[in-house]
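The two complexes that follow have subunit A in common; it is paired with subunit B in the first and with subunit C in the second.
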Partner chain A sequence: MTLMKSLMGAAAAVALSAGAALADPALIFDLGGKFDKSFNEAAYNGAQRWVEETGGEYLEIELKSDAQREQALRRFAERGANPIITMGFAMTSTIENVAPDYPDTKFVNIDGWADLPNVQTISFAEHEGSYLAGVMAAEASKSGTVSFIGGMDIPLIRKFACGYAQGVKSVNPDATVVSNMTGTTPDAWNDPVKGSELAKAQISQGSDVVFAAAGGTGVGVLQTAADEGVLSIGVDSNQNHLHPGKVLTSMMKRVDVAVYNALKDGADLETGFQNLDLAADGVGVAIDEHNEALVTDEMKASVEAARAAIVAGDVVVHDYTSDDSCPALSF
Partner chain B sequence: MEKMPKWADVVLIPVISLLLAALISAIVILLIGESPIEALDLMVEGALGSTNGWGYTLYYATNFLFTGLAVAVAAHAGLFNIGGEGQAMLGGLGLAIVCLYIPFPHWSIALLVAGLGAGLFGAAWAAIPAYLQAKRGSHIVITTIMFNFIAAAVLNYMLVNTLKPKGSMEPATGRFPESAQLPSLHDILAPIGIEFSKSSPANVTLFVGIAACVVVWGLIWHTPLGHEIRALGKSERGAVYAGISPVRTVMITMLISGALCGLMATNNVMGEAERLVLNATEGAGFIGIAVALMGRNHPFGVFLAAILFGFLYQGGAELALWTNIPSELIVVIQALVILFTGALDNMVRMPIEKIFLALRKENA
Partner chain C sequence: MDFLTLIQVLDSTMRMATPLLLACLAGLFSERAGIFDIGLEGKMLMAAFFSAAVAAATGNVWLGLLSGVASSLVLSGLHGLASITFRGNQLISGVALNFLASGLTVLIAESWFRQGGRTPSLLTDGRFNGIELPFAIGPADAAAADRPLNELIKEAGPIQQLYSELISGHSILVYVALLFVPLTWWVLFRTRFGLRLRAVGENPAAVDTAGVSVQGLRFAAVGICGLLCGIAGAYLATGLQAGFVREMTSGRGYIALAALIFAKWRPWHALGACLLFGLLQAIALRFQSIQFGGFTIPVQVMDALPYILTVVILAGFVGKAIPPRAGGQPYVKER
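Here is the complex of A and B:
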């Protein structure tokens, strides 16, 4: 009950000092739960880093149902939590409802698009990071066939797949990109067995680099790729260490950094839109001691060139969600 | 002669089962180092202590009311409908299509027509497993659960490719027009001077659910069709001997069951979210099984059980908000309630029957 006590204390302190920013921040995890090995866990890691560095405390909840979204937001806001950090696009419409009622509370919406004076909206250029992963995949592939495994078939995942396919085609226009989605229920984010089966099916179609953007399902994909002797690409966090020498790279989405920064700025954080793209290092490909041997100098050069071109604006990676279509891949 | 009085069967046994479940939950909470009394206090306070809490409790209860009734109706015919999840999903789809594409002058007409759309889609989704069961003997448990997955796939496809507004990241429909949004309990109770929380999701469909309870009660016990349904459930051979067509009865029962599940969409899709999102049903179809089991397939029992599960859901959410009790433990508590009230029924029933028999002997 320490959380409860500190919360009560904080609420009382706020009441006494008439609105001084003393309240704890709050973090709302989306339906996947905080240990999803991916998006929510990255947020958790960012928050833990902040806890270790500052000794601060934060309130948290893992949502279990859509109806809890508004409830959690309002209850945290009423108890004086500030800022309130929310994960995922599904929170956007709830924030649009709730945030105007609490003008002194700052809300952070990661992956959202709410446009309000007390909301900080953080989005990531997943298509640009995936493009770089695609460039590496095409360079590493010997068969000319690479593949993609998504979690659920939702626009966000198509954005990953579309950027990846564009990257592949930029190196080898004749390459084949095989794309599959794991399932149609939220279980698809945490189904390593199905991920493994899909990876096997794709390998039998000739794929020798498999990119998984499927949360916990990706663990099964990476395992199977390693067992079958082909390369894989991890997602969100740096997953290179899972199978050293067998994971080509990881498409990193620095949710942890975003959460850490929001907690560090506290109630003073700047509201408005923040797009964390390649230029801002919000996305990128991981190269470390675990995959050094796989990354040739040529590959490094092409990735660097592609990165520079995107940052400079010479190459524009098409964003699937901008018009619901993809030039390089059909769904 | 009855082994024990009716009140013991209907009230005493469920209450004892609940107390046992609560006791074991308390031990589990103690084991992870939290105070069970404080937890119970938080749950009661959070779910019943304010109109806001009541609003959420009743909102969840309304969902379970529809799915619980659906399972109960099917159970009277000896059919185990575990496809409530898929039927409710399709109900949401039918409702969303009606609400998005037909302009309505007033919410009451919208509710009527959208409810019809939801019921039709839900019934249609139940019709195929029903036909396969009635004509081919494919077991309804297998087919309905498979249809849950197909429903999820259909919904996913429709939302991502057809119903999603262009350029939106979220696989959900746009918001329904103003005239298709239902009044909340706040709007209904304000004119008669009762102050009810504005932000809670309970809405007018609660009364639709209660009306559905009454209709189901009348249908099962006071119509010829209800008699046929119960006869089939007790003994198929007997029903055939009495001139009841099993094919026809199975079809009609499942259509009613599916329509009830579909109607749930008026609460969660039309009343709460006001748009159709992926995974809108959130397991209410499965909770309906527990609710029907606990309510002994009687509409009034279903009503009480739905409120209880609404309380567990909302109280559980409050626990997750304000304590370190992990949300998985709330699932454990719910599971214990289902286990004791449903599966382990005889464990409580037999000793109590013995006590009553012994008492009767003494009196005689």
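Here is the complex of A and C:
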């Protein structure tokens, strides 16, 4: 019995010291799941890069339902994790609830809008990246009709669609942009069957380039586009490798860079708002060995020109979220 | 809306309705025998995963279909064991199966393929590809003419459009699902087995008095339910898609249950209900908002319509939906 007691005491001591040593950062993946080949996977890649370079460790959780948001956030804060990086707009209200209770913990809110002294809010200029994708789509399209498939119908996704439509119209003012949203609930991030069906409907309306900004749903969109012999555009992560030679490009949102930087800064990270735009390489289009055959020199030139114009401020891409309207596309 | 658009929407309807129809008929067998089955969703999900996993590993879609059906049958067996043999609550057993499938598929997928709870994308042999019926315009013609398939179909006459777009070009499971409707009707209403199966859902004591095993019949019904759910799941993962993604059934099992109530537990009506629900989905996918005499109907209304219709039916506005009388009650031989 005494042996048992001392064993348990030792175990408890180990547990305590482990708890004390725990100032590891934490990463909360959103409902799409860690390996969605898109938004969350980009965060994972950024975190892994940090692990490889520094040998550090981080805590992580994949959310399975909305109810877990606050619980997960509080648990990490209680365990002393710092900073706590959260993925997705949906964490904003949770952070607004939780962050004031842990003033010494730094929170990172990617894609959100939480405005608190211990929160770093990172947003991306998705409309600018999507604009470049739109330029490429319009150049690649033979039919003059291109399309967009969004995941859940939220302002952020409309921002993608609006930037894309503006890019398309900048090259070909007469082009038709067909736009569909998969749904209005978080299920819309994970319904590849519906994504396929939407892609088929758009292809039958004449679209020959489909841009999917829809998380896991996009997997179905890209698959269908490849099956039907039209081009597709991936999102967030570089998705060119999913169907080599069939994916025109990917609108990359450098979530990996944002996560990597946050982990590198650790507890010293600067709070406040950060906007990663085209000039900061926060967004961009991916060109690699899987799609270089599809990208002509003219396309590259127009993308470069558009990019330079946006960075220089000669072209201002309208941001849907600024006034909830889009000049190039009606929803 | 021109003729071709209409045909395309109907074509999409067929694809959306097929998994609903298979799951609905599965539920029909089970519930007609007095076993409520809320676990259609879980069985489809499990079958979707195993069919995709085996098809990805072996490159043979038929082996995939077989293992999908087998996995769905295992879940059916569990449901039967809990609710028939041990007389547990059928609804709770069904819910448990849904959660089991939801978690287990991702867990096994992660440990087998390490791709975050999905299977690798299936190549051509690992999928049920569309069947081109004779004289239909298909991808082969498009390749020969070196032009997009859509243009070729657009130029064809209306009959050819109807034939090529709507009737031809589906995977074999779509035709199989349609054949199951008359087959179900025949089995239930024209065979001795069907008569007994229906009787066991209405008055199991009478069947027992006649010397027929209530448990045996109920297990047979639950088994058929598993078979059909297995085909539905395999169609989702290897027919409509090229691989499994977590939660890929996304509520289709529940819509199938709604369709079953809407059809008042009858096979031909089930076909009608599933086609209607499929049509609503197809319209919602094709048109984001519909202008209707000055009003704009938002897409959310179309998404909600199957459930609204079911509530209307259940409330008894359009005839009464009366479930099998012994449904949900475990059979106790003697008190």
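Definition applied: the second predicted complex is superposed on the first by the 307 of 331 C-alpha atoms of A that agree within 3 Å, B and C clash if a C-alpha of one lies under 4 Å from a C-alpha of the other, contacts with A are read in each partner's own complex, and residues count from 1 in each chain.
The criterion applied here is as follows: a residue touches a chain if its C-beta (ideal position, glycine included) is under 8 Å from a C-beta of that chain, and two chains touch if they have at least 3 such contacts.
Computed from a predicted structure; not experimentally measured.
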| item | value |
| --- | --- |
| Combined model on subunit A where subunit B meets subunit C, clash or fit | clash |
| Touching partner for A:Ala72 - first (subunit B), second (subunit C), both, neither | first |
| Which of subunit B and subunit C A:Pro192 touches, first, second, both or neither | second |
| First, second, both or neither for A:Gly206, with subunit B first and subunit C second | second |
| Touching partner for A:Asp323 - first (subunit B), second (subunit C), both, neither | first |
| First (subunit B), second (subunit C), both or neither touched by A:Ile61 | first |
| Touching partner for A:Pro155 - first (subunit B), second (subunit C), both, neither | first |
| Which superposed partner A:Thr184 touches (first subunit B, second subunit C, both, neither) | both |
| Subunit B versus subunit C as contact partner of A:Gln223, first or second or both or neither | second |
| Overlapping segment of subunit B (options 8-16, 80-88, 134-142 or 296-304) - the one that collides with subunit C in the superposed model | 134-142 |
| Shared contact residues on subunit A - subunit B and subunit C | 184 |
| Interfacial residue positions of subunit B with respect to subunit A in the complex | 34-35, 38, 56, 59-60, 149, 152-153, 155-157, 160, 164, 166-171, 175, 199, 201, 268, 272-273, 275, 277-280, 282, 313, 316-317, 320-324, 327, 330 |
| Residue ranges of subunit A touching subunit B (in the complex, touch as defined) | 1-4, 7, 31, 61-62, 64-68, 70-72, 74-76, 89-90, 92-93, 111, 113, 152-156, 184-186, 321-324 |
| Subunit C-touching residues of subunit A, taken from the complex the two chains share | 33-36, 41, 179-181, 183-184, 187, 190-194, 196-198, 200-201, 203-204, 206, 208, 216, 219-220, 223, 227-229, 242, 331 |
| Subunit A-facing residues of subunit C, complex | 5, 8, 12, 15-16, 115-118, 121, 148-150, 236, 240-243, 245-248, 250-251, 281-282, 285-286, 288, 299-300, 303 |
